[in-house]
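Notes follow the structure.
Letters are used for the chains, namely A, B, C, D, E and F, taken in the order the chains are written, and counting of residues starts over at 1 for each.
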Amino acid sequence: MKALVVSPHPDDEVLGVGGTIARLTAEGSEVTVVIVTRGWEPLFPDSQVEQVRTEASEANKLLGVKSLRFMDLPVTRLNAIPKHELNSGFERLMEEEKPELVFLPFCGDRHEDHRQVFDACMVALRPGQGRKYVRQILCYETVSETHWSGPYIEPCFQPQLWVDISSQLPVKLEAMRRYKSQLRQHPDARSIEAISSLAKWRGSIAGMSAAECFIVVREHWMA
Amino acid sequence: MKALVVSPHPDDEVLGVGGTIARLTAEGSEVTVVIVTRGWEPLFPDSQVEQVRTEASEANKLLGVKSLRFMDLPVTRLNAIPKHELNSGFERLMEEEKPELVFLPFCGDRHEDHRQVFDACMVALRPGQGRKYVRQILCYETVSETHWSGPYIEPCFQPQLWVDISSQLPVKLEAMRRYKSQLRQHPDARSIEAISSLAKWRGSIAGMSAAECFIVVREHWMA
Amino acid sequence: MKALVVSPHPDDEVLGVGGTIARLTAEGSEVTVVIVTRGWEPLFPDSQVEQVRTEASEANKLLGVKSLRFMDLPVTRLNAIPKHELNSGFERLMEEEKPELVFLPFCGDRHEDHRQVFDACMVALRPGQGRKYVRQILCYETVSETHWSGPYIEPCFQPQLWVDISSQLPVKLEAMRRYKSQLRQHPDARSIEAISSLAKWRGSIAGMSAAECFIVVREHWMA
Amino acid sequence: MKALVVSPHPDDEVLGVGGTIARLTAEGSEVTVVIVTRGWEPLFPDSQVEQVRTEASEANKLLGVKSLRFMDLPVTRLNAIPKHELNSGFERLMEEEKPELVFLPFCGDRHEDHRQVFDACMVALRPGQGRKYVRQILCYETVSETHWSGPYIEPCFQPQLWVDISSQLPVKLEAMRRYKSQLRQHPDARSIEAISSLAKWRGSIAGMSAAECFIVVREHWMA
Amino acid sequence: MKALVVSPHPDDEVLGVGGTIARLTAEGSEVTVVIVTRGWEPLFPDSQVEQVRTEASEANKLLGVKSLRFMDLPVTRLNAIPKHELNSGFERLMEEEKPELVFLPFCGDRHEDHRQVFDACMVALRPGQGRKYVRQILCYETVSETHWSGPYIEPCFQPQLWVDISSQLPVKLEAMRRYKSQLRQHPDARSIEAISSLAKWRGSIAGMSAAECFIVVREHWMA
Amino acid sequence: MKALVVSPHPDDEVLGVGGTIARLTAEGSEVTVVIVTRGWEPLFPDSQVEQVRTEASEANKLLGVKSLRFMDLPVTRLNAIPKHELNSGFERLMEEEKPELVFLPFCGDRHEDHRQVFDACMVALRPGQGRKYVRQILCYETVSETHWSGPYIEPCFQPQLWVDISSQLPVKLEAMRRYKSQLRQHPDARSIEAISSLAKWRGSIAGMSAAECFIVVREHWMA
């Protein structure tokens, strides 16, 4: 199977899909990760951007990702890009990758970039004759952009899909440790303890030692 | 794969899942259909009950269903059965069938029986150690119990899963024709034209000639 | 009665309201259709824009529309127009037309232009002393911008109003055929078969041979 | 026009629809009010039941109601009545009255009786060949059963229809005063001040001096 | 402050509110816990009921609860009790306890008893002259009745209130260990690891080492 | 307690929070009001801007507000400001004010500025180590931006918090009268009668003579 993980910023792909990526690659699937944005001077010095990029490479290599792509769109400024340009960029991406399985950030996340990426990808993934390759579109949760929205007054994350990552939790955590610049100390939301607790709690709901959960946005059983 | 279709009344299974049943059985899956209720005297004369049962047998045979079961609970009176009894009945059913794929009526349907069946099955399907066999729980739509509820003030049917039944639509319609006693003339909601139009419209959204759509209630990727 | 149909792009008015427009004009109502956007070079060559405009004229003439207006805002770029300008444009439109009945695209549609048009019109239609002429604001569905959104995580289309268009379905389909450049082959979402199936299915829910369905956004029974 | 107001308990019809009833009868419509339940010994002494019934007669006479019917189902015990019996009762009612316009209590109201009445009426009002007379089904709000539910976790009352009752507010309040046994002192939810404030506030949203607001559950434009 | 925790079954109060109870009692509040149901022969032998009751006493003593009450309603049969009786029982409870802070199970929980208890308590807690003592009504989450419902099609648990229980997590877990008969092994939903992970993850969202989260159903700032 | 009221335009703070501000200041809390936008030439002549500013000063002085701040962002153009700039502005504000209690406009309001302010403030108020001072984030309602949205298809205002302002209603109305340029005649939504009716009706739901109601977005009980 061919999978595509769309990650607005470096580390979102590990936070939300790390264990599942590791499981998919171990099972023989080909996974592409696309990092949508990059920082820009002067808010983000090039050296810092370079460091995070190196971390991303290491983390994704650990998960078995063969193709790590960078779209280099400007971080926090996606909503300033004309819609048709943003959409076209993702349409080209889909045409090139032809993924069967797509992981998107959640449209209710606190971070505007996540909302923009979800929206543009949903346009790029409109079903139809030309895109028969897509079998499942999933939204992942990102600690804690996904959990900082207004309850009920903004879209809420209620997953339907439980992926058992009991065997992959260690490598997920290890991948996250490679993102040294993004990791925080417990009890911060972006700490090893937080990530691990979420996986264990989600898992326990379905009798799994650890799980990653996803919203099923669309699923096709082709003829 | 082992699939179970829970049908509150005879014909719900054809209306909501007919094409998918035919596709599953053609692909080698083993499908069990359970009709939950039966009519009772004097509202429903035994002769009439018998006729519908014969129709059910013919229709389901046509779809390739090997096991057609009748729970014989009293129609329109499910909410009068003590909850723990109703739940136990469905727990036994799940233990016996151990289905990987389960089709349920929708909890927002106009008919109280549909709501009760959904609720009891969801209790019987609580995930956990003993029920690792369940991979996907789906809700189907029933013309027109599913579309007669109050918009927004009762749960609404917004499917995530599209199953291409282009090749199975004819047999679905044929199966429905076997339910002579339930079929109505166009433009009634339970007419061949209505069923066919729904399948074509749903399909067109995803570039398929015909489709059945389902809500993904839960999906497990076991280790 | 005076009705106004706001259509983000040419053909949305036929897809969503075609049968109802034909019914209203046949019953003596005066219907104005406003096409909000137009394509721009180089993405949309002028010749193509001209062709679509001709198609729009023919289609709307067929439906009995007397006044077809073009706002000529740039397609896919509505969100780049300052809000107060966009809102003012629609406020002027409402003042000029003073419609009793208004048809808007749905705010949950996949296409950003539809969302922007809904939003600006809702501002322009805020109730109050100066706008006592508005009796009903409705949202229509557009195959398939309306059905390509994320279930439950984006606003969903759950109509309350059923308009019987049994006698108008043929002219609706005929009007759509005039939009040669927009029409696709079955099983595409924008095909005659898809449009027809939706009308028949919607109708069957209410015992009508064909129907167009609408969300009731606001309705006023003036003194 | 023929209208039917379904009121679970005496006074709900005045609280939710009083002004609109007065307006409809003044405009020549024929309005029937059905009081669904009655109290039973020993919780509700017969003398008290008799008093409320007299109040109901006076109040509804004031509003111009010609037909005031009593179904005499046991108050607070509707959920103990077999569903098919409850539903049949309302189906007979609809057949006898053949209303074009129906007012129902809201399914999200705190009082279980309101929920049961909504549910049974929605079954009785399923659209179809035999019930072509129904043009609009509306839900009204009842101070304060409608406003005592859990925000977002129970169905919420978000009206679409504004009925100007500027001229009818006095008679609505007068009708409510006839329900001496049900009226409370300000600032109780069932006080003249509360009812009046709600009407004024609802009205102000649409530039009316006073309004009653309704949820549009279903509306049919018949051929 | 006077707090009341309404627990449908023994252990729900620890699972959902254990840490907060311990914190409240440590801070000098007076907490009453009410266990609503008890098992009945032959499904639940008296010896087993007795054992759970002893466990409940020990667990709640550990948390500092002074008053542990048993309503002894029949487990899984709450919906068979006439509504007015059930409601009256809780109205008497509220009158006796006059709590300022009330903890209820969630109306979207999988277990029907939880739904019935929520509903009856909401009736008993209708605001008004006689119940000015209530300052806050909260819903707690119960692993995993709260997380086994259908996403989006049943009410979902989206908390607004974060209570820091970093210092109380050990005693919460210890209290749960006293419920020997209810505790399961990891990775069951009702295991120490699951409870602990949930507390840590919820906490991390707000920068706390551990938290219990609640839905704010109603809050009053009295004059 | 330290409270912060974020008001997109002058008078929103009085409409939504006027009574509660007066109550808080009377009880000894320190309240800061921030007016986010100002008008700009030529749509809003400087003289008019100056007048409104004077009105704001008088109104807020009356309510006991000590610190009235102006951010001077361009009215109706907030969505044209780069997100990271808008967010940073509010982050600085929070750092300077360190409020325990924050009042925000509602994200479902008709006016785009209200939505932008909500969004930017929610980013600025993400919980975590550095922002432990925040105890409660509330959304207020603004007549009638809050009540002009599409029912169910846009976020709806369902408050959880009732603040008794029986003693503060007169000063709230008096403060609103200072906003001469913003006040309209009854039955306009922004009239004294409308504001007063809303307060009385909201109050009556909870047995209070007058109330302001709020959505509880987040509440923290710190250790």
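Convention: a residue touches a chain if its C-beta (ideal position, glycine included) is under 8 Å from a C-beta of that chain, and two chains touch if they have at least 3 such contacts.
The shown structure was predicted, so the numbers you read here are calculated from the model rather than taken from an experiment.
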Since chain B and chain D are copies of the same chain sequence, what is the angle of the rotation superposing the Cα atoms of one on the other, rounded to the nearest 5°?
120
Copies chain C and chain D touch via same or different residues, half shared test
same
Chain at maximum distance from chain E, centres defined as averaged CA atoms:
C
Of the pairs given as C-D, A-F or D-F, which one copies B-E, with over half of its contacts the same by residue number?
A-F
Going by the average position of its CA atoms, which chain sits the greatest distance from chain B?
F
Distance-wise, how many Å sit between the C-alpha centres of chain E and chain F, to the nearest whole number?
35
Taking each chain's centre as the mean of its CA atoms, chain B sits from chain F at a distance in Å of 50
Among all residues of chain C, those touching at least two other chains are 127-129, 144, 148, 151-152, 158, 160, 166, 188-189, 205, 207-208, 215, 217-218
Chain D contact footprint on chain C (complex, rising order):
23, 127-129, 131-132, 160-164, 166-167, 205-208, 216-223
Enumerate the contact residues on chain E facing chain B in the complex.
43, 76-77, 79-80, 110-112, 144, 148-154, 188-189
How about chain F: which of its residues touch chain D in the complex?
143-144, 147-148, 151-152, 156, 158-160, 166, 186-189, 191, 193-194, 196-198, 200-201, 203-205, 207-210, 215
In their shared complex, chain D is touched by residues of chain E numbered 82-84, 87, 106-108, 118-119, 122-123, 126-129, 139, 155, 158, 215, 217-218
